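Read through the structures below before going on.
Two complexes follow with chain A in common, the first pairing it with chain B and the second with chain C.
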Partner chain A sequence: MKIKITNGMYMALIINMVYAKSIGVTQGSIARDVGSDMWISTIIATVSAMLLILLTVMIIRRMPKADIFDQSKAMLGPWVGKLICLVIFIFFTLSFGPIMVTFVFHLKDFFLPEAPLFLFVFIAVLVGGFAIYFGIEVIARMALIGVFSILLLNGLLILGALEDFDVRELLPVFEFGITKPVIASRHHLADWSIVIMMCLIILPLVDNQKEWGRSSLVGVIFSFIFIVMWPILETGVLTSQVTSQYLIACMQMARSAHLGFFLHRYEMFMIAFFGISILTQIAIALLCGSVALSKLFGLKDFRPLIIPVSLIMGGYGYWVVQSHNHAMDILENSWVSLSLSITLGVVGVVWILGFFLKKKFKSEKG
Partner chain B sequence: MIRKLYKLVILMAIMFILTSCVGKREIDDLAMVMGVGLDLVENKNGEEEVKVTAQIARPADARGQTGAPSGQTGEPIWSISATDKSIFGAIRKLENLSSRRIFWAHSYVIVINEDLAKNGIKDIIDFFIRNPELRMRTWVTVTPDDASELVSSLTGLEVIPGQSIEGLFKYSDITRAAPRSQMIDLHAAYLSDATQPYVARLKLETNELSNQTPEQGEMYKNVTHAGTGVFKDDKLVGTLSAKETRSLLLFVENIKSGVSIIPCAENEEDVTTFELVHEELKVIPDYKEGTPEFTLKVKTTGKLVETDCAIGFDDDQKIKELESNIEEKFKKDINKVLDKIQQEYGVDILEAGNSFNNKLPSKWKEMRVNWDDHFQDATFHVDITAEIKSGALLIEPTESNKRADE
Partner chain C sequence: MSNVEQKMNQNLSRNIDTNVKVIQSLLKQNDDVVERTFYLPNQQGNKGTLFYVEGIVDTDKIERALKDLMYTSSANSNAVQTTSTESNLAMSIQTHMSHNSSVKVANTLQEGINGILLGDCFCIIDQSEQGLIFSGKGGEKRSVEEPMAEQVVRGPRDGFTEDIRTNTALVRRRIRDVHLKVEGLELGTKTKTTINVSYINGIVKESLVEEVKQRLNKIEIDGILESNYIEEMIRDAPYSPFSTVLNTERPDKVAAALLEGRVAIFVDNTPFVLVVPAHFWDFLQASDDYYLNFLTGTFIRWVRYIAFIISLTIPSIYVLLTSFHQEMIPTALALTIASGREVIPFPVLFEALVMEIIFELMREAGLRMPKPIGQAVSIVGSLIIGQAAVQAGIVSPFMVIIVALTGISSFSIPNFSASYSIRLIRFPLLIASGTLGLLGFIGMFFLLAIHAVSIRSFGESYLAPATPFKPKDQKDLLIRFPWWHMKNRPELAADNGIREANEKPAPPDKGNSETASNKISDEMNSDANTTSTANKKDASVQRKKSKRIKRKTVKLKDLMKDKNDEDQKSQDNE
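And then the complex of A and B:
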């Protein structure tokens, strides 16, 4: 029997996949571009992501039982299908860079500066690889728990930061005009691109097909609610200048939160509660990479490819996080342009070609 | 077969991560720093160096209120110092003196000597915000005394002096003698293009009596709040007294309490004490004839807590007179502080630039580069409304009936 996940699990996956990086690493990048308008850029990126995810649902609905690989194979033939597999595998390999930046720098910079870099990357692929061996259902169930962790973290942070929140720091709105926040939204849209690509692969596994569109939108809206609180608090408590100074701005926010006089510093809360989100990202990237590669080689099961994919992605992740400068350069420049090009390219091309090649879907369905 | 291979790979992999607890630190290997003092000193060659003094808790003798000290040293803290050209260099030298690894995460306070602060504290801000071990909510202060002496002095009721200093800040919203300046605020103000930094000022004052020889008067020193250190960028340019700080706090903090003493109308030697229970400020920025203008609308409410004057709380006319006296006094105090900050120091520590930017962002873009110059020329209009809402428990004045009979 083919594995299915519920629509709730699907929404949980969306939320977890975008949360971990968006709340801090991304906000730091946006703050460097548009200062206190970072929450506006976050809204703009989310609106764009809503449109993209609806487009994704439209694409997969054409052949509801086929993922993007099978659909492009049916529509464009085996070789173009294989090309799509390769492009998507490259995308998820590249996505492992920012995912590792988020995972490694949170732990290494703030908790274990003396631990070797290799250890973090190794644990990430080991745990991620182990999780995907049991299939997407396990990760999706874990993501449900992840949503509760996110709720707890956000709740604790609000309690620990509201006392020092100064709404005047959010003003004036649109300080840098309208164009700049729109351009700066690319950083957050790059986070959403991983979710969009994931949806292209896992949507056929989501149980209630009629509710795909609604579930996707609700997932995006809830993600937005969980995420947008961070740039607002980061601006109101830390100020946008302080946020822009840090690579992991959310940890700086957590370091500055306090409950009364006795409970200082939220770094441990932060790691404990955002851990599931980042592990979901690691596992899904490995899963989608393995599935893409298995389709490229025409294998029926992706499991034999877990170790090779883990080695490739882990190796790339390790290369990215070797130095902060290198990581930042990839994160803010090449990753953003490549991820958006690939996502918009794949989604756009498949969507447009679908209009011209309708007959092929019908014959496949028939 | 493949399953067995996977299990073997996973077991082999787990071996790598179960070798030890990487980066672990045992609590009994740590020397917990409770306060840091930073002074400017000259070395043998006449070069300026930073002297770092660490107040470290001696666990055996710092057990808190119920545990009896067992270390028998009589000293709950161990203070050590080292000098070098950089803070990090001096800290590394401190490691040479300590039998335990020095651990900075629990430091309550950073005390900077004013001579060092006049040279600039950019390196101090940078060091403390860059280091993941340190708290962002550590109190930052300046002192005219030696910072090393201040952090090494036993003060207050707590066993650990750093804790006592934190206690001073905990209740500083009642005394309003110093701003509640934490590293996070100092960092933000230093990076800001609209606001200049300010920090609390601490001083050692001889004000403690000996319980054995009280007739000798005050003998021991204690740390007290003593106003505000005012910075231009990272350099200390002046200070505000504790009294002046009360007016400054109106601009930068939420005021919950305060005391004001007003002479009585009938006899100026007699005074009335007014306890402030709520004070709010609304800043209305404007731009007229090339200079910024600010209208400050202050609303003060409070209660009568002590009076020599014959004022009953039911005497509306006298209460109104008292309210207008309070308004006059507050206005005078605020204008005095504004004059000092604008004309003497020429720096915006009042967050006036932020208010101006929020209201008039397009004008701000023209002014942000030389904001401190524009701030010096800015006009402030102070509009105060004071309201006495209660006479605490009393309605009638506390007057002797005997005198009334005469």
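And then the complex of A and C:
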């Protein structure tokens, strides 16, 4: 029996996949570009992501039972199919860099500054590898819990930060003009690119095919609701200048939030509640990487590749987080350009070629 | 095939002496096996022999069976005489002589021997190739008592016993429905333990019943001494610390589970009945939740959820905060903890582990020792050792509070299997937190969470209905909704239709005379009106009467007066 996930789980996966990095690391990058207009860039990126995800749904609907690997193989032949597998594997390996930046620096900078770097990467890969061994269904179920955690975290943060919120910090709007926030949205769109690539692989496993488009859109909208609160609060409480000084701006935000005397710092709440989101990212990146590699080598099951993929991705992640400057350089430059190129390239090429090779889909379906 | 098996598998001989010898050879060296010879009151005077095991039979039943066989009325005896042939003598006795309600005919020695060992009485008769098995199960049994491990404040006080028939009867007493099924099978090549699989036809999913039976039939073991033998062999996750099969001593809990579309497995000689499938949340819910007001039920359920979180995480969080992340503790509290730890020579992790182990030790000792001594152990352990350890500077007062809080919280978890699971998984979490701080805690917690999410219980996700999220089943998860609101059965039931059709209760509407209470009040009002009308009528009649009397009296007085005046006038004239 082929494993299926419900549309609710699919939406939960979308939310968790984008949340962890977008609320802090990405907002810091955007703040460095457009100051207090970071929430506008977030909106622009989300709108772009909505279009991209609809395009993804359209692509997969052509052959609903086949993921992007099988579809490209059917459409363009085995060798091009393998090339797509390799490209997507590279994409997820690259995505492990920013994911590790989010995971490692949240913990290392704010809780365990003296702990060896290796330990963080090892535990991330261990937990992620353990999760993917049980398949997508288990990760999706965890993601459902993750949505409730996100709700709790957001609620707590609003309660703890509203006292210091100053709406005037959001002004002036479009301080750097209109073009700059659009360009700055690339940071957040890079976060969405991981979600888009994930959808290309897991969408055939989603139960209700008729609702794919709606579920995807609802997932993106809910993600936006959960995320956009952060740039607004970060600007209103921390100010955009302070936000831009930090690599992990959300932790700084959590540090300044407080509820009475005994809940004087939120860092632990932050880690506790956003933990599922970041671990979902880790697990999905490992899963998609393993699936891509298994298709590349023509294996029926991805599980034998969990350890090799974990070593490759873990190694790359370790290399990225070796120093803050190195991590920031990759995060804001090479990752953004590479991720967007690959995502737009794969989605665009497969979508356009699909119009010319309609007969192949029909013959595969038949 | 061994010699014993060969003997067991052979058919009964027509010669009673041969049969007796075989049975004697099979049951030799058994002081508790009783052999009783008798003669039938028919013309041939056939010899018969009864075999039974003393102690597991009801002697009265055996004596009644013997009486039937030896002193039955001549009419019945004649009937046996006329209807029986050599081949159906046993059957004829069964029909015409025996009063035993569940006597059955046995064709092989195997059936007879099994009957003897199960507590029945096996009877063989000369010139008959069939024997008779009289139901004689009895012996000493524990009476129905309040369950030891699952007590409730409000609710039934009866608990299961070691006798499977009593246990099934306790459930049948609660569900008097023709669809309640109790299927039987026997497990254990040596113990031949009776197992009953119970479910409600139409409510339970057929595939679930089939799966349960299939798993039970796969069991090959020499003995089943307790239901855990079965539990371990039918579990979905055999290596998991989480229990995926619910066990209970409470018949009401089993009845409730059956009504939700689950399957109960009764095992003879144990008061613990298994219920499948089981969700994680079932282990944190008590019968009280449903017997008290829904608000109270929800509140105590939340108390238990909080107790579960405290029991699992508090020692780990304390250790990670005091060892690695002191800045997260509010300053005043941090200073208090630090002053308490000033003289402690050990690291917090070591201190916590020692205290946890001592606590487990005390709990175990208190449980194993005879009751009066057990209580003394608990008191000595908690008061004297705890106090002395703090004064000696071995453990900090804060750690004592943490361990005590953890212990109390674990006691409030209603199912002891779940309580043991939590105790078990607390230790890796503690060690991970003590060695790697928050990173270790998160890592270990997520490993446990992923494991819990991945396991299933008879096809049902262990963490359902939380994840996968089942909106309809949320009415009995975090909040125990009122009964009038729980209209449907849980999703695991096959018949997921209406469970009850009651509406939310409300006081009677004054404008609406449809309701029964309104009718009653209307009737009462009309009665009152009738009464008052009658009273009014009576009063007016009385008034009229009195007026009439008054008028008559006045007339009479006037007449009297006139008469007196006339008399006076006549006297004056005279």
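Here is the rule we use: the second predicted complex is superposed on the first by the 364 of 366 C-alpha atoms of A that agree within 3 Å, B and C clash if a C-alpha of one lies under 4 Å from a C-alpha of the other, contacts with A are read in each partner's own complex, and residues count from 1 in each chain.
One rule holds in what follows: contacts are C-beta pairs under 8 Å (C-beta built on N, C-alpha and C of every residue); 3 or more make two chains touch, one makes a residue touch a chain.
Predicted model, so just to flag it, every value in this text is computed and none were measured.
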Chain B versus chain C as contact partner of A:L119, first or second or both or neither: both
Partner chain in contact with A:P172 - chain B first, chain C second, else both or neither: first
First, second, both or neither for A:S256, with chain B first and chain C second: first
Touching partner for A:F130 - first (chain B), second (chain C), both, neither: both
First (chain B), second (chain C), both or neither touched by A:F111: both
Touched partner set for A:T239, first chain B, second chain C, both or neither: first
Which superposed partner A:P304 touches (first chain B, second chain C, both, neither): first
Which superposed partner A:I271 touches (first chain B, second chain C, both, neither): second
Contact residues of chain A, present in both the chain B and the chain C interface: 111-112, 115, 119, 123, 126, 130, 261, 264-265
Chain A-touching residues of chain B, taken from the complex the two chains share: 2, 6, 9-10, 13-14, 16-17, 22-23, 129, 132, 135-137, 166, 170, 184, 187-188, 191-192, 351, 354-355, 357-358, 361
Contact footprint of chain B on chain A as seen in their complex: 109-116, 119, 122-123, 126, 130, 133, 164, 168-169, 171-172, 175, 237-239, 241-242, 245, 252, 255-256, 258, 261, 264-265, 303-304, 307
Chain C residues touching chain A - in the complex, by the definition given at the top: 324-325, 327-328, 330, 333, 436-440, 442-443, 446-447, 449-450, 453-454, 461, 463, 466-469
Touching residues on chain A, where the partner in the complex is chain C: 6, 8-9, 107, 111-112, 115, 119-120, 123, 126-127, 130-131, 134, 138, 141-142, 144-145, 261-262, 264-265, 267-268, 271-272, 275-276, 279
